[in-house]
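For reference, the structure is listed below as C-alpha cells.
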C-alpha cells in the first residue's frame, strides 16, 4: 500500500505581493490548482504586451506562475479553482490553464471576468476556447465532488471585490482551506458576508492545511470594514461638493462596492454619475448585469475611446452637475485621469475642481513614479486633492488570528506575500503555538512540500 | 502722527510640533497673547518635573515659550486668549501668565482645565492665585471689547478636544485670526461645529492676518471627520467583543468625543464602562460636570491610585462584563495601561483579551520607545492588539485651503509646526497666489515681524 | 540722494533640490546673475525635449528659472556668473541668457561645457551664437571689475565636478558670496582646493550676504572627502576583480575625479578602461583636453552609437581584460547600462559579472522607478551588484557651520534646496546666533528681498 | 544500524538582530554548541539587571537562548564554541553554559572577555567557577579533536572585533561551518585576515551545512573595508581638530581596530588620548595585554568612576591638547558621553567642541530614543556633531554570495537576523541555485531541523 501523501506546490506568489498567485495541491494521485494570476509589476518592469506575449517569455520574467514544476502531474489535474477576480489571481488563466484540460470553478462574477480576459487574449486565442468550455460557475456554500476522493466547497468571504470565496478541498486526510485573499467584514453590502459558522464548524471537523495570504499580517489591526470607507467617501464628497465645480473620483474598477458607495453619495448630492475607462466598463457592466452594481438613474458607463470623449465633453460643460468615477488611481499612463490631466480628453481641470483618490498607491516604485508625475501635474493646476479615501481588503494580524483560531489547522503555508510577510505570518503562528518547519512552512516560488502526515 | 504698526511675536511653537505654542500680537501700543503651551517632548528629554520646575530652567530647555522677547511690552498686555485646552496650548500658563497681569479668556472647558493645572502648580503656587482671579469664560460667538481699539471674538471650530475656538482680534487695521488648532468637521457631536458663515463673512469684512497651525498641511487630504473614527471604533469593538474576554481601550484623555463614542459602543455591547487614570479623571470629570460627556449608566471614573486599583480588581473578576478606557496610549510609564502590562495593577492580561489603541503615536523617538516597550510586552502575553483606531484633529491641506479661501487674509503666518511644516504651508499659500516674504512669513521661535501695512 | 539698496531675486531653485538654480542680485541700479540651471526632474515629469522646447513652455512647468521677475531690470544686467558645470546650474543658459546681453563668466571647464550645450541647442540656435561671444573664462583667484562699482572674485572650492568656484560680488555695501554648491574637501586631487585663507580674510573684510546651497544641511556630518570614495572604489574593485569576468562601473559623467580614480584602479588591476556613453564623451573629452582627466594608456572613450557598439563588442570578447565606465547610474532609459541590460548592446551580462554603482540615486520617484526596473533586471540575470560606492559633493551641517563662522555674513539667504532644507539651514543659522526674518531669509522661487541695510 | 542523523537546533537569534545567538548541532549521539549570546534589547525592554537575574526570568522575556529544547541532549554535549566576543554571542555564557559541563573553545581575546563576564556574574557566581575551568584557548588554524568522530577547526575571519573565527565542525557526513558573524575585509590590521584559501579548499572537500548570519544580506553591496573607516576617521578628525577645542569620539568599546585608528590619528594631530568608560576599560585593557591594541605614548584608560572623573577634569583644563574616546554612542544613560552632556562629569561642552560618533545607531526604538535625548542636548549646547563615521562589520549580499560560492554547502541555515533578513538570505540562496525547504531552511527560535541526508 502507498503511504499517505499530500504535497503543496508553491507555483507563484510565494515571495511577491500582488504577484502571480498560484498554488497546487497533490492528494495522492490527483492535483487541484488554486488560482492562476499574473504579476502586473513584472509585466511593467519588462514592458510586456500581455495579450500578445508567450507563456515562455512571461514566465522567464516571473510575470506568470512557474508552472513547469507541475509538468509531471499535469495530466492528473482534476480541477482548478479561482477564488476571486483580481488579476493577480486570474490574470494568467489564458496563458496556462488550457494545458491542464480540467474543469475550472469560480463564482459567477469571477467566471464572467475570466471570460472577458479569454476573449481579449491574442497569443493563445484558440486555446482560450478550450478553457472557455471548461468554466463552471458555483454559488457560495456549494459543494462539488471532483473525483471519487476529492470534494470542493466554496465558503463565502469578504474582500475588496464581489463574490470572493475561500475554496476548501475536502480530502481523505482532512480539509485544505485556501484563504487568498480575504478580510473579515460584517458590513459589506455587495457580495458575501463571511460564514463564521461554517468556518468554526470546519475547524471542528478538522482542517489539515491552511494556505493563506499574508500581505498585511504584520499590521497589528483588524482591517477596517468597508463601512469605514463609506463614511470616508461620504465625508470627503460632501466637503468637496460644497467647494468644487467638477469632482473626479478614481478607484479600483473591480471594487464594485466602493463604486456603488461613491455613486450613491453622488446621487444624494445631486450629481450625475459617469463611469469612464476601459476597465470601469469591463467590471462595471458585468457587475450591473449580475445585479451587483445598481447605479443611480441617469448614470452612464463609458468605456470606448469615442464614448469616453463624448461623455467627458458633456460633463465638462456643466461640471457642477457631474461626478466622474474614472480609472487612473495608480497614475498609469493611458488611463482616464492621467489623460485628462495631460489635456488629451475634453475635460479641463482648474483650481475649482476636486480629485479624490479612493485608493492607496500599490507600493511599487513604478506606481510611485506614475503617481508622482500625475500628482505633480495636478498640483501645477492647483486642483484640490483628496488622497487615501480608502480601507484595505486584506486581513490584518487580528483577522488572521481569528481565522487561525476558528480553523485550528494542523499545517499552515503562508502564501501571497513578500518574503518578509511570509516570515511575519510565521511569527504570528508561532505566537499562536505553531512551530516553523514542523507545522508552519515558509515556501518560495518553485518549491514543493510534502506534508509530514 | 505715528505710523500704523502691527507686530507679530513668534514666542513659541514656531519650529516644533506639539510644542510650547505662544504668539503675541502688538497693535500700536497694545499687546494680546494667544495661547501659552508647554513642550511635553522637551520636558521628557530634559526630565523636568513640571510642577516643581522654574520658568527659567524650563525656558532654557525650550519646554516653555521664550517670552523674554515680550519683556519691553509686558505692561501693555491687554489680554491673553486660550484657544483650547491641550497642554501644548495652555501648559505654561502657571509658569508665565502671572507676569502679564491681564485678563485671560477661554471657553468654559478650557478655563476649567487651566484652573486644574493652576491648583496643581507647586513652584508658583502663590502666583497661580493671581492668574486664577483673572480667568474669564466666554461662549462661542461672544465678542469682548478689551480696549478702546481692540475687540476679541470667538468663532466656534472643531478639533480633537471640546469647545475649541478660533480667537479673532478685531483691530483698526483689520481682523487677526488665530487658527491654532483646527479641522473642519461637520459631524462632531460634542463641542462646536465650524461656523462657516461667520468665517466667510469675516473674509468679506477683511482679514489682515491669519496665524495658523501647519502640522498636517503637507498631507493632501481633508482630515476625516470624527464620524469616521466612530465607525472605526464601532467596527473594532464589535469584532473584539465577539472574540475577547477583557477589552481595554486607550485614548487621549482630552478627546471627550472619542471617549463618548467608545463608552456608547461598550454600552450597546453590554459591557460596563470604567475610565481609569489620573488624567482620565481630570478631563472626564470636568467634561461630565459641563454636560459634555454623558457616560452610560453604571460607568465609573477612577483616578486615584486606590480607586484605580479597586476598580480594576473588580473588572478583573468578570472581564467579559467590562470595557476599560485607560491612559497610556503613548506607552508613558506610570500610566494605567503600562502598569497593567507590568503587573503592577490587579488586572491580568492574557491571549483572550484585546487592547485597542484609539490613538496614533505622537512622532517623538521617546514615545516610539515607550510604545515599543509596551507593545513588545503585550506581544509576549499574546494579547490581541488593534492599533490606529483614530483620525487626526488637525487640518489637512484641503482644510487649510478652504480656510484660506474663506478668510482671504492679507498676510499669513504659519505657526505650530516643525520647520518643514511651516515651509509646506508657505508652499500651499504660494499655490493660492500668496508670496513668501511679501505676504506669507516663515517665523521661528524668538523672532518678531512688523506687518508691512 | 537715493537710499542704499541691495535686492535679492530668488529666480529658481528656492524650494527644489537639483532644480533650476538661478539667483540675481541688484545693487543700486545694476544686476548680476548667478547661475542659470534646469530642473531635470521637471523636464522628465512633463516629458519635454529640452533642446527643442521653448522657454515659455519650460518655464510653465518649472523646468527653467522664473526669470520674468527680472524683466524690468534686464537691461541693467552687467554680468552673469556660472559657479560650476552641473546642469542644474548651467542647463538653462541656452534658453534664457541671450536676453540679458551681458558677459558670462566661468572657469574654463564650465565655459567649455556651456559651449557644448549651446552647440546642441535647437530651438534657440541663433540666439546661442549671441551668448557664445559673451562667454569669458576666469581662473580661480581672478578678480574682474564689471562696472565702476562692482567687482567679481572667484574663490576656488571643492565639489563633485572640477573647477568649481564661489563667486564673490564686491559691492560698496560689502561682499556678496554665492556658495552654490560646495563641500570642504582637502584631499581632492583634480580641480581646486578650498581657499580657507581667503574665506577667512573675506570674513574679516566684511561679508554683506551669503547665498548658500542647503541640500544636506540637516545631516549632522562633515561630508566625507573624496579620499573616502577613492578608498571605497579601491576596496570594491579589488574584491570584484578577484571574482568577476566583466566589471562595469557607472558614475556621474561630470565627476571627473571619480572617473580618474576608477580608471586608475582599473589600470592597477590590469584591466583596460573604456568610457562609454554620450555624456561620458562630452565631459570626458573636455576634461582630457583641459588636462583634468588623464586616462591610463590604452583607455578609450566611446560616445557615438556606432563606436559604443564596436567598443562593447570588443570588450565582450575578453571581459576579464576590461573595465567599463558607463552612463546609466540613475537607470535612465537610453543610457548605456540600461541598454546593455536590455540586450540592445553587444555586451552580455551573466552571474560572473559585476556592476558597480559609484553613485547614489537622486531621490526623485522617477529615478527610483528607473533604478527599480534596472536593478530588477540585473537581479534576474544574477549579476553581482555593488551599490552606493559614493560620497556626496554637498556640504553637511558642519561644512556649513564652518563656512558661516569663517565668513560671518551680515545676512544669509539659503538657496538650492527643498523647502525643508531651506528651513533646516535657518535652524543652523539660528543656532549660530542669527535670527530668521531679521538676518536669515527663507525665499521661494519668484520672490525678491530688499536687504534691510 | 542507526540511520545517519544531523540535527540543527535554532536555540536563539533566529528571528532577531543582535539577539541571543545560540545554535546547537547534533551529530548522531553528540551535541556541539555554537555561541551563547544575550539580547541587550530585550533586557532593556524588560529592565533586567543582567548580573543578578535568573536564567528562568531572562529566558521568559527572550533575553537569553531558549535552551530547554536541548534538555534531552544536555549530557551528550561534547563542546561549546564561541566565535567572537560580542555580547550577543557570549553574553549568556554565565547563565547557561555550566549546565552543559563541556569544554568551551574560543580565541584568547574571546576567552579573556568571557572570563571578565564570569567574574562579574552575581546570580550564578559559583557556577561561573565551573565554567571558568572549562575554558580553552585556540589559535586560528587550530584543529581540536573533540570526540572520536568530531573535530573542530577555527578559520580566521574579519569582523568588527578582533580575533573572530569561523568554527568548522568536521563530521563523518561533511563539514559544518558556523559563519556568525563576518565580513570579508583584506585591509584589517588587527586580528585576522579571512583565509580564502582554506575556505575554497573546504568547499572542495565538501561542506554539509552552512549556518550563517544574515543581518545585511538585503544590502546589495560588499561591506566596505575598515580601511574606508580609517580614511573617514582621518578626514573627520583633521577637520574637527582645525576648528575645535575639545574633541570627543565615541565608538564601540569592542571595536579595537577602530579605537586604534582614532588613537593613532589623535597622536598625529598632537592630541593626547584618553579612553574613558567602564567597558572601554574592559575591552581596552584586555586588548592591550594581548598586544592587539597599542595606544600612543601618554594615552590613558580610565574605567572607574573616580579615575574617569579625575581624567576628565584634567582634559577639561587643556581641551585642545586631548582627544577623548568614550562610551555612550547609543546614548545609553550611565555611559560617559551622556553623563558629560548632563553635566555629571567635569568636562564642559561648548560650541567650540566636537563630538564624533564613530558608530551607527543600532536600530531599536530604545537606542533611537536615547540618542534623540543625547543629540537634542548636544544641539542645545551648540556642539559640533559628526555622525556615522563608521562602516559595518557584517557581510553584505556580495560577501555572502562569495562565501556561498567558495563553500558550496549542501544545506544552508540562515541565522542571526530578523525574520525578513532570514527570508532575504533565502532569496539570495535561491538566486544562487538553492531551493527553500529542500536545501535552505528558515528556522525560528526553539525549532529544530533534521537534515535530509
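Letters are used for the chains, namely A, B, C and D, taken in the order the chains are written, and counting of residues starts over at 1 for each.
One rule holds in what follows: a residue touches a chain if its C-beta (ideal position, glycine included) is under 8 Å from a C-beta of that chain, and two chains touch if they have at least 3 such contacts.
Keep in mind that this is a model prediction, so the values were computed, not measured.
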Task: Partner chains shared by chain A and chain D (touch criterion as defined above) - done: B, C
Task: Chain pair with more C-beta contacts, B-D versus B-C - done: B-C
Open item on the list: Centroid of chain A to centroid of chain B, CA atoms only: how many Å?
Closed with: 41
Task: Mean-CA-position distance for chain D and chain B (Å) - done: 46
Open item on the list: Quick check on chain D: which residues sit in contact with 2+ other chains?
Closed with: none
TODO: Using the touch definition up top, name the residues of chain C that touch chain B in the complex.
DONE: 15, 419-420, 422-424, 426-427, 430, 435-438, 441-444, 446-447, 449
Open item on the list: Looking at the complex, which residues from chain B come into contact with chain D?
Closed with: 42, 45-46, 61-62, 364-366, 368-373, 376-377, 380
- [ ] Give every residue of chain B touching chain A within the complex, in rising order.
- [x] 184, 186-187, 219-222, 224-225, 227-228, 230-232, 235-236, 238-240, 243, 375, 379, 382, 384-388, 397-398, 401-402, 405, 431-432
